[in-house]
Structures are given as structure tokens and as C-alpha cells.
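What follows is a structure written as C-alpha cells; I'll ask about it next.
Chain nomenclature is as follows: A, B, C, D, E and F, assigned in order of appearance, with residue numbering initiated at 1 for each chain independently.
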Amino acid sequence: MLNKKIGDFNKNDKIEGFFLIKTVDCKVTNNSITNKYMDFNLIDSTGEINAKLWECSNELEQMFKDNMVVKVRGVVNEYRGKLQLKIEKIRNATSEDNINIDDFVLSAPYKSEDMFDLILDYMEKINSKDIKGITEQIILECSEKMMHYPAAKSNHHAVRGGLLYHTTTMLKAGEKLLEVYNYLNSDLLYAGIILHDIAKIYEMDSSELGIVSQYTVEGQLLGHIVLGVNLIDRAGNAIKADKEVIMLLQHMILAHHYEPEYGSPKRPMIPEAEMLHHLDIMDARMYDMQKALSDVNEGDFSDKIYSLDNVSIYKAKLN
Amino acid sequence: MLNKKIGDFNKNDKIEGFFLIKTVDCKVTNNSITNKYMDFNLIDSTGEINAKLWECSNELEQMFKDNMVVKVRGVVNEYRGKLQLKIEKIRNATSEDNINIDDFVLSAPYKSEDMFDLILDYMEKINSKDIKGITEQIILECSEKMMHYPAAKSNHHAVRGGLLYHTTTMLKAGEKLLEVYNYLNSDLLYAGIILHDIAKIYEMDSSELGIVSQYTVEGQLLGHIVLGVNLIDRAGNAIKADKEVIMLLQHMILAHHYEPEYGSPKRPMIPEAEMLHHLDIMDARMYDMQKALSDVNEGDFSDKIYSLDNVSIYKAKLN
Amino acid sequence: MLNKKIGDFNKNDKIEGFFLIKTVDCKVTNNSITNKYMDFNLIDSTGEINAKLWECSNELEQMFKDNMVVKVRGVVNEYRGKLQLKIEKIRNATSEDNINIDDFVLSAPYKSEDMFDLILDYMEKINSKDIKGITEQIILECSEKMMHYPAAKSNHHAVRGGLLYHTTTMLKAGEKLLEVYNYLNSDLLYAGIILHDIAKIYEMDSSELGIVSQYTVEGQLLGHIVLGVNLIDRAGNAIKADKEVIMLLQHMILAHHYEPEYGSPKRPMIPEAEMLHHLDIMDARMYDMQKALSDVNEGDFSDKIYSLDNVSIYKAKLN
Amino acid sequence: MLNKKIGDFNKNDKIEGFFLIKTVDCKVTNNSITNKYMDFNLIDSTGEINAKLWECSNELEQMFKDNMVVKVRGVVNEYRGKLQLKIEKIRNATSEDNINIDDFVLSAPYKSEDMFDLILDYMEKINSKDIKGITEQIILECSEKMMHYPAAKSNHHAVRGGLLYHTTTMLKAGEKLLEVYNYLNSDLLYAGIILHDIAKIYEMDSSELGIVSQYTVEGQLLGHIVLGVNLIDRAGNAIKADKEVIMLLQHMILAHHYEPEYGSPKRPMIPEAEMLHHLDIMDARMYDMQKALSDVNEGDFSDKIYSLDNVSIYKAKLN
Amino acid sequence: MLNKKIGDFNKNDKIEGFFLIKTVDCKVTNNSITNKYMDFNLIDSTGEINAKLWECSNELEQMFKDNMVVKVRGVVNEYRGKLQLKIEKIRNATSEDNINIDDFVLSAPYKSEDMFDLILDYMEKINSKDIKGITEQIILECSEKMMHYPAAKSNHHAVRGGLLYHTTTMLKAGEKLLEVYNYLNSDLLYAGIILHDIAKIYEMDSSELGIVSQYTVEGQLLGHIVLGVNLIDRAGNAIKADKEVIMLLQHMILAHHYEPEYGSPKRPMIPEAEMLHHLDIMDARMYDMQKALSDVNEGDFSDKIYSLDNVSIYKAKLN
Amino acid sequence: MLNKKIGDFNKNDKIEGFFLIKTVDCKVTNNSITNKYMDFNLIDSTGEINAKLWECSNELEQMFKDNMVVKVRGVVNEYRGKLQLKIEKIRNATSEDNINIDDFVLSAPYKSEDMFDLILDYMEKINSKDIKGITEQIILECSEKMMHYPAAKSNHHAVRGGLLYHTTTMLKAGEKLLEVYNYLNSDLLYAGIILHDIAKIYEMDSSELGIVSQYTVEGQLLGHIVLGVNLIDRAGNAIKADKEVIMLLQHMILAHHYEPEYGSPKRPMIPEAEMLHHLDIMDARMYDMQKALSDVNEGDFSDKIYSLDNVSIYKAKLN
């Protein structure tokens, strides 16, 4: 009986340990004999695995809910090329188990408080009163949720604190590139980076564990780009900011996906909007590439990655 | 010497009459002998013609400006398949000429005041206090400019009062279709029609003659769809409207072009938004088809019409 | 034991009732122990459900065939997010069960006879002898099959009488819009509406229950648009109609899908063809939207609808 | 004064000779001094050149018409990278000039009579009575026009007899490939080749010189593919051919452009239709490539060729 | 107990015979009771079938490996519309079974040695010393692997010797078409055909049975087109060939897929490259069509064929 | 008479000064009276202007050739919205004029020698012997031409030394981003940057002034991406480099345009190739944006920029 993290599971391991229930469902098999089973997606800080308990009852359904921590014993099988856990024993964690919730969720590699402070540092570097004012107004309103929101439901930076991680990495990269492309307006660029995805907080419903259960109604009908434009409109009018400043920040948010079919009705028309777009896509892709290669051996390819145009990524031997 | 309207000009006509200068420019010919000439686009209520005065001087440049009415004598030639006027004599109109500006611009077939009243009539049919309130708030703010704005710079309804004409025709057609598709919410549909293009007033600069000289800066950086979403956000918050009402109206504006590449980052997700899209495109195309056929003889084709996917329209003999 | 219609089934219901077999098959499970089971798709006038009988034999295979009515007892399960019926008992309906076949199929909301009469009424409004003659000739030939054919295999109006329902709704909407766009030729528009999908009768094989089992060979090799063009060619020549009339009606059929990739090799070149296209797509989409929302609660979204560009439709609370 | 053919003209040549007027127009220059000039497109059997006569009058306009042969003296200039003839003297040819019209038009490299006979030979090879009957019926009806029609207005095989040339080359290539892909039905393939473009005779108006002045009304509203389908429908019904034979031939015509956006609403579903498509596109492109290279020196590139996806063709030195 | 080839299996057959293991895997069922089973894909020279052995153990896993021949007894079932073999008894073939490996793989209809000799024959027809030298150099290097490589992993010509079969059919067809398009350089065309897919030998890993297990690393990172260009570069430099010859052959390989999205960064710019493209796509499609129709009855359609733009192919009755 | 640089010309200026002839041609006007004129494109270090000398003779044609410096007197006109110079007097520069050729060409803002040294510095930072060896081998071969080559014919960095400028800016930006994305292999990234466009030296013919007259034959038939792959193949084999190193560098060159339709048959499959793509496109676009805004006043828009997806760039007032 091994006490392993999910990321270390191998086929045929017999394991025992604590995991967080990401989702749980009672399902029917397409099969004449056994009617029902419980279907779990379990996670810890190292990964996620599907797990089956081959029975189901009203009591079991009541006992296990999303976001609970459970103690599980079982065997690791492989099903359609993916590892899967066959549960032999399962119970809820109790206070005596001394569980720390942070051990069970995928998180950004930095503490949320530190990343948030970094954002405040960059906001201090903004000289324009209006640009700084709009940014502060919006960040203030969103600060609590920013602490745990991921940057996406399932693609890049879909981890607890992922929105902060994506934003701060872009700020660091942006600061570097301002040394090379020094004619850019750093106020606009920093504010654009900080605000570009902020409305994801209104577009998605995320638990405090950074797990998105669904998109909100306004997220579906309007999307985070237009919601962000609305936020800037309100903040800008509230502090009576210069009209051009409001318009430029709105344009940067509007244009940051670049292509209409990815949600940007306008392409970048100022250099800072262009740079914002490159920083955004570069950081998202580098994240996905790094993640794709984390499980791959040298000389091998990853699975096809949907967010990378369905390409398989290769881990060179010379690295 | 003929006293004809532009729409009646034929090749080789010698004409004399009053016209409005839509644009005027001093240009250089690609030619060794004559350096400069004045290039006019003249209009009256029946059409538009390019005209050349084969000389140019500082005095002439000062004398003739956009939107002035001039008296012209000249000969109608044909250049690259288009009629063109060679100006022999030109002078500004004076008060003694008894000019009525309305004779010189292409206008919608109804009076602006009547069309605006019709919009007010439909607003009266809106039962929801919030939907009506938002619509009134915005229309009030825009009413003056609505009187003369066209619905586009050069495509459909690009005439004085064209925005009103497009809007009121859609309201009439919408009312009819509500009898067939009677499960639709008429409040949303009427408000959506009235507001869908209203922000064109901020997207384009139009003279009182309904002639658009250029797009505004915010028109280019944000576009009338996002500007319209902002208008609804402000009006909705100003009257403290229900959040869902604001969101639904914003969604309708956002989705009315249907395709991302035509500026809609979201496709219609409520039936009223879907219907709004069909009313909009149907009215724009029927207008362009009717206009294309107005100069065509039975059994002939129009030129290729850019806004109709570059198709030539055929005028059937049996009509 | 509940006596419910399919549209009212809930998970875990134990139900008993009469249903129509849409399809039935003997299948093998991917499983070592039980080899075979019978896989049914059952329908009644409110919907469709997949059902399993976990045994199969030559006698059972002989006993149950497509389009039979059966009495079933079973339990409603959920499999991959869809309801599924586990059959405990099943037998064929007998004459003593007093079955009325109309209770078991999804049908248009109007009687076929009434809808067909409405089409005849509109044909009466056609003034041109040739246009009327061609339309009559074709309708006469197809009238029997029109009574039950759906308008599609699985998308919009895929119900018994769906072709009549789609056609008559378009005629009503067309009549309304002729009041607004009054320069259109109503003869062409009415005939175009009546004939635009008529060749679906030759494109698909439908049972009298309005269920399409497959496309015909000529349906696949030529498609209903070209088959319809052929019908007009023959009818027009049979009554020695004016050449232009034949050509215009053929053009309207040819162009009514608008885009080449949807089967129209020519785009609309006469206003009546343009209007026909809008009436067609508008009616198809409004039907699909209404259907999508029929099962959705206020404040919720439908599934993604394939025929609506994979959009989820939202049911507003204010409705 | 040189007596050269158009294909041999060089810049600055002073030439004199007989040419055919392809088009002639009286035009106005964009210029203050000279109002009018006559704009000719002159051809002979080796090529085409634009020519200017720098004056124009009613008499001149009456004197020179399309399809007349004229004697011209002038100088060869270059304008925007193209040779252009400045006309110094021009008169109509008279009977005393002993003009043979065949010297003035671009023609296929074989005599029309011989190519037509070749088609008859291949028709003889068709074994199926129905396939042969339909083909004969249609060819009989079109034989006169086939003698001079080009295969296109301006792209491939746009020469006198071009339709015959394209068809017979495809027949020869098809016969060769039947030796390799010997499971194909040669009856279908020969008939498909002979009929695939036959309705171009109804789609375009061509003079007896093989010069297309315009598309016909039915050519624009229906296109040669659908017109060809109609022809087969009528011929097939006239000889009471087997229904499948009619359908297969119609399918081959329908599918021969392969892509919907090039006019084929169905893709090939039988191997003979697939082969027909390849023979068609291969022959069209090889023709255009050969033509493009005819004026190019070894080691040089042709202009960009529109019909070859805007590629410039290279003439290798090793040839 | 029947002794049938896979191509002759029918549902419910009880069969016994020898088959080759294409792939074998130990899998877990999504099911509470039976944990594991062995999943085989078995082939013989007539086809392929999925087979299940409803048990699995370490010994069984050791006993059966890819590319082994086994003797199997079982029953043919149907699962999701496909035949599937339920294995009742299975053992490895022994030397006493007198197995001939050629009986178990799908092969081209000609012997590899004969097809290779045919390629040598065509190489003899190449007059240019440089073109012949480059071709020989490369063929020499690849000759061993050419004997068994297929032309693709799963699409056209995916059989043992498929690369030779595809290449030699194209050579035959090319020779025929050179009689019609006789201005083409036959040296370039023959060399282009022989070399166009040769680098597939480096792009894919194939067993001697012609079964591709995977793409190589360089196959994925560079692709057979660029690998082929490299081969020509090296061979050309090794024999000090004329620079233009090297470039033209490289261009032909580079352009033979025609469209950038299919891997050709350049479109054909010489007629021989254009012809190579047509020969390639025509042969691939005719192969796939013939294969699709091999299992279809007259009057029926094949499944949708992915490589034929998802079209179903129709087998005409008149064939 | 003003002594201005081209970048400072205004309409109606009378100017006199020295300029370099980029191109010169003798042309014919489409005009009855004056037959010929000389058409110049003149440049100096600040820009380019079209100029006309309204006469032409054999002597004049002999006197003025591309890349000569001339002294010109003339008047600045405007033609179709562009400034144009009407030449009144023109003569060749003589040795007494003390011309320095560097004053007449648009050059990168750094000296070529310094930029080349910077590349050598970065090459020193490459640790891998093989990667460094391949890079050195190629740079050595190209160093002379690198001194003056632009990075493109007409788009981004189309100035003397533009290739060095583009490469060195990317190296600087790459070094910065390696601090943020520190898991990247810096050897691969630096070598990839240095080599990614190096084969433009073989793709285009450039004068020593950095002006590209045309693409080379191999540039058109193969393109700089494939030419670069060939260079790496040869250099790698020459120094017997590790096979994977050769392959990875070839893959980076192959994938750096990302999209197949822009010339990359493979998308990036290693993180360094992905980063190379972003550095490339980011630098090209920032260059074009900066250039577009250099002539624009605050609050105004640039012309539509082809290389920026036809967007007009806005110069904000707050900058």
C-alpha cells in the first residue's frame, strides 16, 4: 500500500491517501447487471485522476460532495490510455486527519499575497493619475476574488491563483521589453496588462480552490472582454478621467485577443495594444508548453495540446 | 443647354444648374503640361457626379468649399465607364438664387420628424419600465443628431435621415413578424431595433446634410457596437434598471452583426437577438437591391454591388 | 408505477406506458459476460428516449420492429448526462389496447390538411398564369407525400408535417413583409416559398410517421436544390411557360441557401430570391430556438445547438 | 515600317499591317486639353494589343466597329509595363485587301472539323445505348455553335474552337488513363468529358470568331453547370433513358468543379466523376502554364497568372 | 467451426484459423466486476478485425506480442456496427504450423521486386546525367526499405509495398500523359515521381510487414517533404550536379502537395511540378475510391471516407 | 528655393538638392500630345518620393541609371494623396559635389559593424559546440552580404542593414525574456534568432545600398525558409554535428512563420521555436508601428498598413 501523490501514480500501484473531490456523480453503466457506480474526479496538488467506486446508493450520494477531502484506498488501472483509480475503500476526512486544504489543489508557484503585492508595485510605477486611478478603482473592487481565481476554465493557467500568476509574469516580461522597445508608454502597458483579463472574475464562477464550475450568465452573453470594457467605462467616469485615457484602455482590452474570431472586434491600433497582445499570447503558450513537457521524457512527444493548435510538443534530449 | 437633375444626365449633354459640393480638391495631373485642376464631387437630390475644372489657383481654392451650393455649366463626358462633368463655368450660389438646401441632398423618402415620431410611437408600446427607460434615456440624448444622420458612410441607407429610415422600416417589419413569431418579447425587440445602430452617431462625423466625412477616433478604436454597449451600461445604471435587462439589451447590440468578423464577439443567444439580426440584414440588403435596380432597365443587370457580396442584380422583365 | 409521457420522465421514475419503436437493434456489449441486448429508441408525441432490454434472442429480434407500438415497463436511469430507460417488461400493443398512432409521433402544431389548404389559398393569390401553373403542376404531383414529410432529417422542423409547417409559416411571414417591402413581386415570392424545399420529398425517404430513415440515392448524388430545379424545368416545359419565368423560379430555388458551401451555386440576383433566403433561414432558426428553449428553465441555458452554430440559448427571466 | 505580327512587336517598332478590332470605344481623357480619343483592342492570330487613336468624332465612331478588320500604321510604346500602339493612320480593310478572317483570331491548334470528328469517334466507343443516346441528342443540338465557341471568356482555352480543343484533349488523356485505371466505366467517362462544359454554349454569347462579349442572362442566373444538368434531364427523358443513367451523368456534371465555391454543390461520389474532375483541372492548368511560358525566356518568370493561384511560372534553362 | 479469411467473416460465425497480431493491449473495462481483458487487432491478407479475450494476466501479456502469428477460435459479434471477434481459445503459432508470413498482411497487388524493377526501368529512360544521378543516389540508399514500406500510415496505399505501388502507378500514368502533354520534360517528371514520397521512409517507422507503428521524431519535426529536399541537396552536391537541376527537383518535391495547409510552402511554378501534383492526388484518390467500393454492393454507398473529404462513394448498378 | 530632406517636403515647396535614384524608367503617358516622360523614384536618408521629368530621349535614358546620385530642382505637387516632385532641372552629381553615399539611403539606426559585433557577442554565449559551430559556419559564409542586406523587400526593416537590425533587436529582446522564461535553452534560442532569416541573402538580390531589386530564382522556387534549412543541413554535416542538433535548428527555421499559409509547413513543437516565432513577429510589427507613426500627428491616424492587417495606427495625444 503506497502513500503517493497523484502525479507519481503508476499502473497497478496499490495506493492509500487523501484527495480532494473535484467532481462526483452517481452514474449508470451501459450494462445489464450492475446498475450504478460513483464516478469521482480526485485531485491533489500534483494532478488529477478519475476514480470509480463500483456501487452507489442514496447514502453514498449524500456522503460525498464536491470540494470535500476524502481518504481513499484503491488500485491504479489504465483505461483508454489514461490512468484510473478503482476505489476499494473511501471515507470522509475528519478533523483528526489534520488536513491542510492547500495540499490538495494545483496552485501557482508563488503565493497569492506576494503576486498581488507585485501588482501593487507595478501600479506604483504608473505616472498618469488617470490611468493609475482607473486601475486602482477596478483592482480594489476585485482584489478578494483575484486571490484565488484561475486565468481560465481549462486552458492555460487553470490553477488556483492562475490569474495573478499570468498577470505578474506578463508584467515582468513587459518591463523587460520596455527596455528594448523604449518608445512605448509604460503607463498604458502596465495598466493594460493588469486589466486585460480582470473581468474573468465576472465571466466565470470559481470556488476558493481556484476551480471553475461554470461560466456566469453575463460571461456567456457578454464575455470578459466586453465586461472589462464596461468596468473601465464605470471606473473612468467615476474618477472623471480624461476621455482619451478611458478610450485607449478600453481599446487595449478590446483588441488583446487580436483576431475577431477569438473575441476582439478591433485589432490593435496603438503600439501598446499590439505589445499587450504579444505578451498575452506568448505567456499563455509558454505556460502550456512547459506544462505539456512536465510529464514527458526526453526524446518523447506530449499528447496533442488543444490550446497549441493540436500540436504535440517534443522534449529534446539536449536540454 | 439643359436644366437636368444629375440622375437624368446622359453622355454629351450640355447642362446648366445648381449642385452641392460634396467634396472639392485641387489636384495635379500626371501630365507635363497642365499642372493642376479642381476635382469636385457634385450632388443633388437625385445622385452624384464627378466633375473637373481644368484649372486651379489659390483664389479658386478659397472660393469653393465642401457643402457649398454652386451654379455650374458644362458637358457630360464618360471616363472609365462613368459619367463625368467637364466644367466650363462655375460660381457660388447667392441669396438671390433662392436655393433650398433640401433639393441638393439624397434623403430618406419620409420626413425625419415623422420618422422620429414613429419611433416614439413604438417606444410607447414598450411595457417594461426598465426597457422603456433605458431606450428613452438614450434616444433623448441622441435625438438631435438622429434627425440627419445616415445609417452608414457609403453602404446601405447612406442618405440624410438614413438612420431613421433604417430603424423605422425595421420597426414596421418587426411588428409584422411579431404576429407570426408571437412568443417573442416585443419590448426587447422594439428596444433592440431602436438602439442597435444608435451609436453610429458617435462612430461617424456627419454634416447636417447627412454626409459622413470621416469616422471619429472612438469610432475607429471602439466601433459603434461597443459604444452602444457603453451607452446602455450608463443609461441602465442611471435609472437603476434591473441587471438582467441591461445585460440582455447589451447582448442584443453586441450580437446583431452575427459573425465575429463583422464585429459581433458573441452570436445571438436569445430569440429576440436572433430576430434583430435578421431584421437588420434583411432591411440593409433589400435597400441595396432596390437602389441597385433603380437605374437598371428590364432585362439588364446592375453593376456588381460590393455590399451584396459583389453580385450583379437582375431586373426581371415580368416585373 | 407512473403513466407519464417521455417529455415528463425524471431520473429514477418507474414508468409504464405505450411507446412507438423508432429504431431497434440487437447489439453486443463490450463485455465478457453478457453478450447481447436489445437497443431501442422509443418515441411518443412528447419526445424520444433510448431504452435497453438486457437480453436478446432470435425470437425477440423477430417480435420487435421499427414503427411498432409497444407497452413497456421500466426504470429511468441517466447515462452520460442523458436519460435512458432500463426495460423490465415489454410486449407488442394489440388491437385491444386502442392505440391511436397520432399519439406517438412528434407532429407540427397544425393539422396537415389545414396547412395544405393554406398553401392552396396562397396559390390562389398568384396572378401570373405561368407561375401559378408551374406551382400547381408540382404541388399536385407531391401532395400526398407533403402530408407527412418533415422539413429535415434531424435539424429544424424534423417532425411529421414539418415541411408543411415550415412552408406555411414562411408564407405567412412573407405576406406580412410584402406589406413593408411592397415593390417585391408577390407571385414570385409565394411560388418560391412553396417550391423551395418541395424536392426534399425526393431527397429523403420518410415513413408516414414523418421519420426519415435515410437519404435517397438521387438525394445524395444531386440534392434537393438541383432536384427542385429539374422539377421546375419539367413543369415549365409541360405547360409551355415563359422562358424567363422558368429561369427566375429555378434561380430562386438555386440561390435560397445563399452560400455555396451550403449548396447554392449562385447567390440571389433578384430581390425576391434574397427575400426567400431570409424567410427560410429566419424560420428555421426561430424554430430551433423555440425548440431549444422548450425544455429550459428561466435563467438557464440550453445545450449547444448544432444548427445554431453551436450556441447555447438562454431563457431570460423577464419573459 | 515593319510588317510584323502582334506577337513579335517590340517597343519603339514602327509597324504597319492588318488587325481585327476586338473592341473599340470612344473615351475621354482625364485631361484638360484633348477631350476624346478612340480606344481599340486589336488582335491577330498571334496576340492582342491595346491601341490609341488620339482623336474621336462621330464619323470615326461610325466607321470602326467590333469584329472589323482594319489596316493600321503606328508606333509601339510601353505603358505601365505593357506594349501599346499609338495609331497614326487607320482605315477599314476592303475587299481588295484579300483578307482571310482566320488570320486574325487566336484559334485552337487543330481544325474545328477535325476535333468535332474526334468527338464523334469517341461517341462511337460508348457501348451503353442510353449514355450514347443522351450524348448524341445534346451534341446534335449544339454542334453548330461548338465549332467556334471558346471554353471560357478569359481564362483557359479562351480561343476560337477552344471548347473543342479542351474537350478533345481531355478525351485523349482520359483514354490513356483508362489503360491505367481500368476499372473505370469508359462510357460514363467519355460522355462526362463530352458534356461537362457543353452548356457554356448557353452560358456565354460568343461571336463566330470565338470572342465572348458577355454572359447570357441564364448564364448568370443559373450557370453552365445547372444548365448542363437541365440539358441531360431533357435529353434523358426524351429518349426514355434509364433513371440511374440520367442521374449519374447529371451528378458528373454537377460535381466536376469539385469545390462548392467553384460551383459544384456536390463532390464526386463515383470514381468516374472524380476522374472527370482531375482531367478537367489538369487540362486547364497545363494549357495556362504552356500559354504563360510561350512569351518567357529561359531563366525568367512569367507574370502572375490569375487562374494559376497568382503564381509566376518559371521557364527552366534545362528545357 | 469455419476456416474463413477475415474478409469473409459474418456476424455469428464460429471461426478458427491463423491471424497476425497487429496490436495487442491489456485493458481495463469500465465495469465493476471484470477488471481486465486483452484487446487485439488481428489481420490477415484480406482485412482486419478487433478481438477480445475476456481475461488478462501477466503470463498472457508476456505470451502475445505485436507481429506474432496466433491460432484463434472464437465467435464473430457486432459492436457499434462493426464486426468483433470474441476469442474463446488462442495460442501462438509454432514451426509445425507451417506459417507463411505473406498470407497475413495486406500487400500491393504486385510483387515488390517487380515494382522496384519497373522503377529502375523508368530511371533508365532519364537522359540527363545529373537528374539520373541524383535519383540513383537516393534510390540506392533507400532500396531496402522501399521493398516493404507503405505510402501512408492509414490513408491511401497503407499496405505492404504501398509506396512502390503508388510510385509505379504514377510512373505508368505519367508516361501516358506525356504522350498528350508532350512539351513536358520527361526526365524531370520521372525523377519527380520517383522521389516525391521517398522520404516517407525516414518520416515513418514501418515493420517489414508494411505496418507503420509511429512517425519518427524527424518525421514530426520536419516532415517528408523537407526531408526529401534535404536528400536531394545532399545527393546533388555529392555528384556535383548542376545547381538548377538540384533546385528544380527540390521545388517539385516542395510543391507536390500544392496547398500550404497540406505541407507545400510553394505552389508549382514549372509545368512538371504541376503535373506531378495531379498525378499524385489522382492516384491517391482513385486508390481510396476503389478500396471504398470493394466492400459495397451495387446501388449502395460506402461509409464516409475521411481522405475523400468525408464523402460516401456510390457503387452504380450499371457497372 | 529650399534645401530640404525628402521627409520634410510639403506641398508647393520649391526645392533643390541631391538625391539617389532608386529606380528610373522612360514611360509613355496615356495622352495624345506628349509621348514620353522619365519616371524616377528618388530617395535620401529620410524617405522616398516619386518624381517626373516631363520629357525623355535616348540621351536622357543613357544619362540617368539606378543607384546614381543626382542634383534636382523642382516643385512638390500632390497626386492621388501622395507628394510628387515635378523636376525642372536635373544633372548627375560629380566628384566636386563631395557626395557621401550614406546620406542617401535609409539605414538602420546603428552601424552595421557594431550590429555584426553584437551578433558575434551573442554567438560567444552559445555553450554547445555543435550549435555554435553550425551558426559560425553559416554566418562566416554570409557575413559580407549581411552588412547591407535589408530584412525584407518592402515590409518591415526594408532598410540598409535591416537584417542586422532585426536580428540584433530580437537577440536583445530574447535575452531579456530568457530571464523570465528561464527554462528555455538559450543556445537554441540565440542560434535560432541569428539564423532564422539568414537565407534572405540568397532569396533576394540586394544592392550594397540595401535596396532589393528582385527575388532570386531559388528565392522564388524554394523560399528563404527552405534555403535556410539547406544551409543548416550542409553546415551541420560539414562539422559532423549531432543529428538532433541539426534537426532542432532546422525545425526552428521551418516553424518560425507559424502558419502554413505564411510558409511554415510545421508549427513550433519545442518551446524555443515557439519563442522564436513570437520574437520575430513582435519585432516586425513593433517596427512597422513605429514607422507608421513617425509621420503622424498626435490625435491622427496613419494610412492603412498592409503588413499590419490593413489597420490604421493611432497616435495618442497622451504620449
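One rule holds for everything that comes next: a contact is a pair of C-beta atoms (placed from the backbone, for glycine too) under 8 Å apart; a residue touches a chain by one contact, two chains touch by 3 or more.
Keep in mind that what you see is a predicted model, and the values were worked out from it rather than measured.
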Count of contact steps on the shortest path from subunit A to subunit F: 1
Over-half contact-pair match to A-B, picked out of the listed pairs A-E, A-F or C-D: C-D
Centre-of-Cα separation between subunit E and subunit D, whole angstrom: 41
Approximate Å spacing (C-alpha centroids) for the pair subunit C, subunit E: 43
Sequence positions of subunit E contacting 2 or more other chains: 29, 31, 33, 217, 220-221, 244, 248, 269, 301, 312, 314
Pairwise chain contacts, counting only pairs that touch as defined: A-B, A-C, A-E, A-F, B-C, B-D, B-F, C-D, C-E, D-E, D-F, E-F
Interfacial residue positions of subunit C with respect to subunit D in the complex: 217-218, 220-223, 225-226, 229-230, 233-234, 237, 244, 247-248, 250-251, 254, 260-261, 263-266, 269
Footprint of subunit C on subunit B - complex, ascending: 128, 169, 172-173, 176-177, 179-181, 183, 185, 188, 242, 244-245, 248, 267-271, 274-275, 278, 281-282, 285-286, 289-290, 293, 301, 308-309, 311-314, 316-319
Interfacial residue positions of subunit D with respect to subunit B in the complex: 27-33, 35-36, 217, 220-221
In the complex with subunit C, residue positions of subunit E that touch it: 29, 31, 33-34, 37, 52, 54-55, 77-80, 84, 86, 299, 301, 312, 314
